Amino acid sequence: MKTPVFHTTRRVEFADTDMAGIVHFANFFRFMEAAEVEFLRSRGVSVAMSWEGDRIGFPRVAASCDYLAPATFGDVMDVAVSIERLGTKSVTYGFEFTKDGQVIARGQVSSVCCRILDDHKMESMTIPASFRARIEAAN
Amino acid sequence: MKTPVFHTTRRVEFADTDMAGIVHFANFFRFMEAAEVEFLRSRGVSVAMSWEGDRIGFPRVAASCDYLAPATFGDVMDVAVSIERLGTKSVTYGFEFTKDGQVIARGQVSSVCCRILDDHKMESMTIPASFRARIEAAN
Amino acid sequence: MKTPVFHTTRRVEFADTDMAGIVHFANFFRFMEAAEVEFLRSRGVSVAMSWEGDRIGFPRVAASCDYLAPATFGDVMDVAVSIERLGTKSVTYGFEFTKDGQVIARGQVSSVCCRILDDHKMESMTIPASFRARIEAAN
Amino acid sequence: MKTPVFHTTRRVEFADTDMAGIVHFANFFRFMEAAEVEFLRSRGVSVAMSWEGDRIGFPRVAASCDYLAPATFGDVMDVAVSIERLGTKSVTYGFEFTKDGQVIARGQVSSVCCRILDDHKMESMTIPASFRARIEAAN
């Protein structure tokens, strides 16, 4: 994982757990997205925004997570966000969840910048320069 | 992806979608798990079972997904399940989601066979021979 | 509950459960919506459709559920759907979840027929006559 | 709704939305539970705790919500929590979600205090005196 550009925390809610008594593995992907959104908000941009008259979004093209230790109800995890790769049209974020210094999970999510057309159609586009500038400022 | 050992279908529900009008990416991990459970049920075993007095489970250690095309409300996807790797203590399943022959998403989930102890503690263990036999019978 | 106009089944998935080992109470609302959608599909209509050039939807204005017995992983519940009230612009569905004849939960969901405008704005409208006819045919 | 005993905020996440572009109605029940948990934490108690050697929990017996206005991605809602009824074995919380002074939703959740037995069985019990004292102190 590259050097984090943002940190936030996430408290495990009752509804995040499953019958094994731990956070259901799929929920870490919601947690990653929320951390990404919070990072972008801190830079003044959004995953769902208007840009010169177009609506743009960042649909996900890949996501992965390694689970190293369980998280349980009430746990407060630190979530570190890194920019693993910033391409012309795509961006890959890295995430590390820790609790009391112990790594709980590490993940990555890759998205492509897209113009949102009618009927939920999407068309990839170059990441707008000012969006990129704000992201890179974080590095 | 190895040759599928099981096929099922999954219909996209309204609650599976997000404001982009497509299935939220985290939900594919729920879909993969449900397909795994259905495959195991078809073999007479379960992800949450008792075995010679122990409760055993299969916590996830890794999960990944590539998203190739969006799925929308009402879509019925075919879900193919493969066994990518069957180790002594762990198993990796592969999943391919298609709609009308078009690949929507491909993913993998790796789990470790664990004895469930008190307080949600877990201890890895060799996959029981008869469980393994039923899984392998599918290959 | 009025006489059911539709029946379906729902199998409890692992991700539906919480650390109490039972279906998380919020998930019954997803189950109700899915049963409503399936009922409407059986009548040739949808909760998200086009009608004479307009996009129409049925946002929820009220939802409730009484929980009588827990449902656990793997359970197959019967879901009965009734039309409790069909107004000019709104409809209230009733739902009863049973397992082996035992009532697990009973709920209601009320929706208002709306024209979907830009920017996620909505405007209530009379339920289209042919939509109503298909729903009433079920009574 | 009785006088609130607690206030918190909730920011709408991307995954909370559905294809209608607004928070999916079922998610308000997760939001209510999280607010309840936060209220209890502020009083030094929990929905999942040990008490004189027993594990106790508060399974839900009823939940309802009225939806007055939609909430969308990024919205920060104020969540007011009230104690609508505190019985011998049960408690009913009330919730009001507002945004910029506008009411988004109002809901109630009723729970029964239960001793958690093996195999996810539960047995209702009198709310422990010190738990009750902490809750009532808030009134």
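Chains here go by letter, A, B, C and D, matching the order in which they are written, and residues are numbered from 1 within each.
The rule is short, and it goes like this: contacts are C-beta pairs under 8 Å (C-beta built on N, C-alpha and C of every residue); 3 or more make two chains touch, one makes a residue touch a chain.
Predicted model only: the values in this text are computed from it and were never measured.
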{"item": "Chain pair showing more contacts of the two, B-C and A-B", "value": "A-B"}
{"item": "Distance between chain centroids, defined by C-alpha means - subunit A, subunit C (Å)", "value": "32"}
{"item": "Centre-to-centre distance between subunit B and subunit A (centres being mean Cα positions), rounded to whole Å", "value": "23"}
{"item": "Centroid distance [mean C-alpha coordinates] between subunit C and subunit B, Å", "value": "28"}
{"item": "Sites on subunit A at which at least two other chains make contact", "value": "14-15, 19-22, 26, 30, 33, 48, 72-73, 120"}
{"item": "Arrangement of touching chains [line / ring / star / complete / other]", "value": "complete"}
{"item": "Of all residues in subunit A, those that touch subunit D in their complex", "value": "13-15, 19, 30, 33-34, 37, 41, 46-48, 73-74, 120"}
{"item": "Partner subunit D, residues of subunit B touching it in the complex", "value": "14-15, 17-22, 24, 26, 72-73"}
{"item": "Residues of subunit C that touch subunit D when the two form their complex", "value": "19-22, 25-27, 29-30, 33, 48, 57, 59-68, 70, 72, 109, 116, 120, 122"}
